Amino acid sequence: MKTHKAKRVAIIIEQVMQSRLTDAMSKAGVTGWSVLPVLGGSGSSGAWSREGQVTRGAGMVQVICVVRPDRIDALLEEAFSVVERHIGIVTIGDCEVLRAERF
Amino acid sequence: MKTHKAKRVAIIIEQVMQSRLTDAMSKAGVTGWSVLPVLGGSGSSGAWSREGQVTRGAGMVQVICVVRPDRIDALLEEAFSVVERHIGIVTIGDCEVLRAERF
Amino acid sequence: MKTHKAKRVAIIIEQVMQSRLTDAMSKAGVTGWSVLPVLGGSGSSGAWSREGQVTRGAGMVQVICVVRPDRIDALLEEAFSVVERHIGIVTIGDCEVLRAERF
Amino acid sequence: MDQILDLAATNLLSPIILSFALGVAAALARSDLNIPEAVAKGMSIYLLFAIGFKGGVSVADHGIDATLALSLLAGIALSAALPLIAFALLQVMGNLSRLDAAAVAAHYGSISIVTFVAATSVLTGSGITSEGYMVAVAAAMEAPAILSALWLISRGGDARRMDNDLLREILLNGSIVLLVGSFFIGWITGVDGLVKIEAFIVSPFQGVLCLFLLDMGLVAGRGLRSSSGVLTPGVLAFGVVMPVVGATFGLVTGLLLGVSTGGVALFMVLSASASYIAVPAAMRVALPEANPSIYLTLSLGVTFPFNLTLGIPIYVAVASALTGGQP
Amino acid sequence: MDQILDLAATNLLSPIILSFALGVAAALARSDLNIPEAVAKGMSIYLLFAIGFKGGVSVADHGIDATLALSLLAGIALSAALPLIAFALLQVMGNLSRLDAAAVAAHYGSISIVTFVAATSVLTGSGITSEGYMVAVAAAMEAPAILSALWLISRGGDARRMDNDLLREILLNGSIVLLVGSFFIGWITGVDGLVKIEAFIVSPFQGVLCLFLLDMGLVAGRGLRSSSGVLTPGVLAFGVVMPVVGATFGLVTGLLLGVSTGGVALFMVLSASASYIAVPAAMRVALPEANPSIYLTLSLGVTFPFNLTLGIPIYVAVASALTGGQP
Amino acid sequence: MDQILDLAATNLLSPIILSFALGVAAALARSDLNIPEAVAKGMSIYLLFAIGFKGGVSVADHGIDATLALSLLAGIALSAALPLIAFALLQVMGNLSRLDAAAVAAHYGSISIVTFVAATSVLTGSGITSEGYMVAVAAAMEAPAILSALWLISRGGDARRMDNDLLREILLNGSIVLLVGSFFIGWITGVDGLVKIEAFIVSPFQGVLCLFLLDMGLVAGRGLRSSSGVLTPGVLAFGVVMPVVGATFGLVTGLLLGVSTGGVALFMVLSASASYIAVPAAMRVALPEANPSIYLTLSLGVTFPFNLTLGIPIYVAVASALTGGQP
């Protein structure tokens, strides 16, 4: 099948920052993303888990965003401005997509 | 460690289409996949979120499928026939796997 | 933006093995990971789903771990010792990361 | 008229409606208040189980009415016919594409079980009884509208919308199975069974309904916020006119069947209400090109609040007036 | 015999059993009815907390029976011994590998707390009392069976199945901790404590149990559908024979201990029932090569419904007959 | 003194506290017992809705006290002032960075609604009444502390911590909206409304609180286990000293306002308690460099259990002694 080159950006970020991140992504002209739940994890700031949590301050989500390669710089610029002072991790991978006309 | 080349296909698709997609994948000879929850997202058809939803018509999932490179075309063919008329996004990435004999 | 090469390891493993896996990863000097929920799937040992489950024996999770390329071998060695006798699947992909100093 | 106003006022200031309003207000003000999906689904399962069970017990208690079978058939006919009327009305009032119009029409032929539940609360509160089997009528009215709407589309030359998998999904969707199943459980176990689980399915029912409507309000408010602009004035008006049209058909049906005052009111409510749980799923499978923002916003954001606040008191008052019962 | 049939009939037509049947039927018909995992887990926590608490209150109320310690020891012995019998029986009846047989055996030595809960419901419904500390016996019987089964395997030369982490996981698994913990809370706070939370843990209990069994039915039905063919006729038969064998051991134990009619019945039920929550997790860690479809389907799809429908009434009737109590 | 000990003993052996202790013990012993996030969130929504509603009904029932507005203002002032005191105290007692100290201070100016709920349980159990509008005071005290703490930081030259989005998130966070919203619903519907949903929001309340505190215990225990070492002895001591200091301010405020014995006790409890739900979220946005382990562990792992076990009985006894009420 005919596929097209694209970039898959995965940003693991604190849940409280999610809307700020997606707003910034919109500003960078990115129109599509998906948010995936994260159950727990560990990093330089220690371990955490969602189990039984009611506080709204804990917990991270993963925002996945598939973009055309030429949009990646604007996206990273904006995303970085949000994650800069916050914990979290941004990865960028190459991928192929079907139906590139859709995004 | 010894690793083997494979393809990682990630399909974000409406939940109502999940069983149709996995049935189609079985038909294409794919025997292994995993389904991950998606909390929300945004695209050309607007934004959505799972929060508080009881309708069965909303919401997407991500189907992840690691396949041997030679199976990828049959898989995409079948997957495409399902997602064709529906919203959703299909990405294919290169990866290495441990224990290739298992799939 | 300046990015750095890294490896993204995704391990789909039974939930009962999760803490054993992350303990092994710590032993291999890996300090960061995230755990994502998996709703269901299918493989050589049949199909499964989390729906309505109360048993603690069923269900898998996906552990995602972004590491510096030079750490990958130690990580796979340790991860393999845990998944060896168990069902599950380990994929390794190339990626770029922002803020490499953080991990 | 005074009666209607009275009933409407009591209704508007009930904990149930105020909870819904709180949800809408919180969502419009962009509060982060939200109810987890699993909890919302759990509450909807509770409500379906409770309402089905109580309906079954009532049938066990009062025996089968001669009109039960007729009522079921009438419900199926209403559900199948209303989409045609809705579709025609949309041609006149809205400027929707055929696909969008058919998808909307399917929702209005089918029913909203929460509206039904809210109406039974109002009836109980006013001391008006109704036939226990109306729950079964509600279940019977869920699916036929979907088939009607798909038939409308296929008539337009657009084929292959339906297959066996979809048919099974429509007929055996979770709400129907749970409603019908618990109805039979209630019927079989009768009052003895009810006594055992009364403290679970009767006493806390109103309270759970409050939290559930809080959630519905949150979802409706979020929908209105993000889909503002999707609905033209004509389509918006349809969201208020169609329930009244539907209720009229329900009224005539109920009067012809000769059911009780409460039964007539519930026929009106079922005909007036629009599906929100089951039909959207069928539409996503069969008519994926139809815009979900339109039918979800119209059903949950316009018609549901209309029925909840004004519709139900009106239907109850009209049914009371025309059957000689008192509201 | 008449007694048994009566009890069985009442039991079969109770809301609890019918809810389970509805779940199985919905799953077999491939309805999309399902209860979210979080809600199912929430209900199981509620049931464990309530049953433990009530057991503790009952001990606080009636004082410690001289047989409490003996009953606990007997429970541990039963749990440790039954896997050996199950394993031997499987060698005769089934054609399972040693690993699969050991994994299955572990499940049958351990207990199913939902079966226990359903049995106490039947006892309460029949006006038969039982020792409050039977809840503690249930908790004590959860883990020893796992150790027995692992010993069976290690005897076969297969070592390194057990480590300290696993031992801690087995002994401190969530159900044991919650059951024992709430038992002590009930014991400490006594009837005063019960009065405070009665409206939560007593009144709605039966209703929650209905929805929980609906969920168990859905999961069992889905399991039966997807694992049909996994179980040979011999293994299937084991799923019905073993509970009867276990119940017989439980019966003898209960009679020797001289506990009440209800106590004897519960010893039978605990011995007859097979774990579904805790043991599968231990097996996945220690015996990953054993096929989970076999033990899960057998435990939840065969033995659980057997006990729920026929087993419990039989055990209660037999216990009544042999202790001179009336069912 | 005897009174205090009595009250403390009754309190310590209540199902609520024992459930919390069970949770802590299970987590410290590394049991896998856990309550799903969705269920925990569902319970917290239930508790907020119930407590708000009951407060509103009580206001509807007893009329508006002349001191209502004064109490609200006093609450806002307390919430704004306490962070300054906490910050100063931390400079003396701990060795935290300015950022960490400000983040901790924000938590102690704000309030813990579960502590408030537990205190009302103790009051009800002791037959002490309190003003229904104290729920509104609780809601009013949630947010000002956050603004105070951010002001503290901005004074240190560190700017741009606050924007309109954050301000909206703080003022319209889910707990405030639900608490205030259900307070108004209760107020509007009054006793009539309460009667309708009493079986849901009153009767099972204590029981739900038990399970919720079990969950809080599990989370607190896990936090203590993984953050042991994060807190220096000085900071740990702050976690016990600050509530007493806060309670003293609350006491004086309550006495000056002339509210009832229960009202004074609740002013003490609100001032003594530290936020756990809303403030952490604001801190993660505005002060991401502050270490969450410090404020979460201190608030949930130290101050919450202190208030729950010893604090509340002391505050109630002191309030009783100084207002001439009896505990």
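Here are some notes:
First chain written, first letter: the chains are A, B, C, D, E and F, and each begins at residue 1.
One rule holds for everything that comes next: a residue touches a chain if its C-beta (ideal position, glycine included) is under 8 Å from a C-beta of that chain, and two chains touch if they have at least 3 such contacts.
Remember, predicted model here, so these are calculated numbers, not experimental data.
Contact with chain A and chain F alike is made by no chain in this entry.
Centroid distances built from C-alpha atoms place C farthest away from chain D. Centre-to-centre separation of chain A and chain B, using mean CA positions: 18 Å. Separating the CA-averaged centres of chain B and chain F is a span of 45 Å.
The distance from the centre of chain B to the centre of chain E, each centre being the mean of the chain's C-alpha atoms, comes to 38 Å.
Within chain C, the positions touching two or more other chains are listed as 36-37, 56, 93-94. Shared interface positions of chain F, defined as residues touching 2 or more other chains, are 32, 34-39, 41-42, 173-174, 199, 203-204.
Looking at which chains touch one another, you get A-B, A-C, A-F, B-C, B-D, C-E, D-E, D-F, E-F.
Across the interface of their complex, chain D is touched by residues 14, 16-17, 20, 45-47, 49-58, 85-87 of chain B. Residue ranges of chain E in contact with chain F, taken from their complex: 36-39, 41-42, 45-46, 49, 53, 168-169, 172-174, 177-178, 181-182, 184-185, 188-189, 193, 196-197, 199-201, 203-204. Within the complex, the chain D residues that touch chain B are 34-37, 40-41, 44, 165, 173-174, 215, 218-219, 222, 226-227, 276-285, 288-289, 291-293, 296, 300.
Against chain F, in their complex, chain D makes its touches with residues 13-15, 18-19, 22, 25-26, 29-39, 42, 199, 203-208, 210-211, 214.
Against chain B, in their complex, chain A makes its touches with residues 1, 3, 6, 8, 22, 26, 31-37, 61, 64, 66, 93-99, 102-103.
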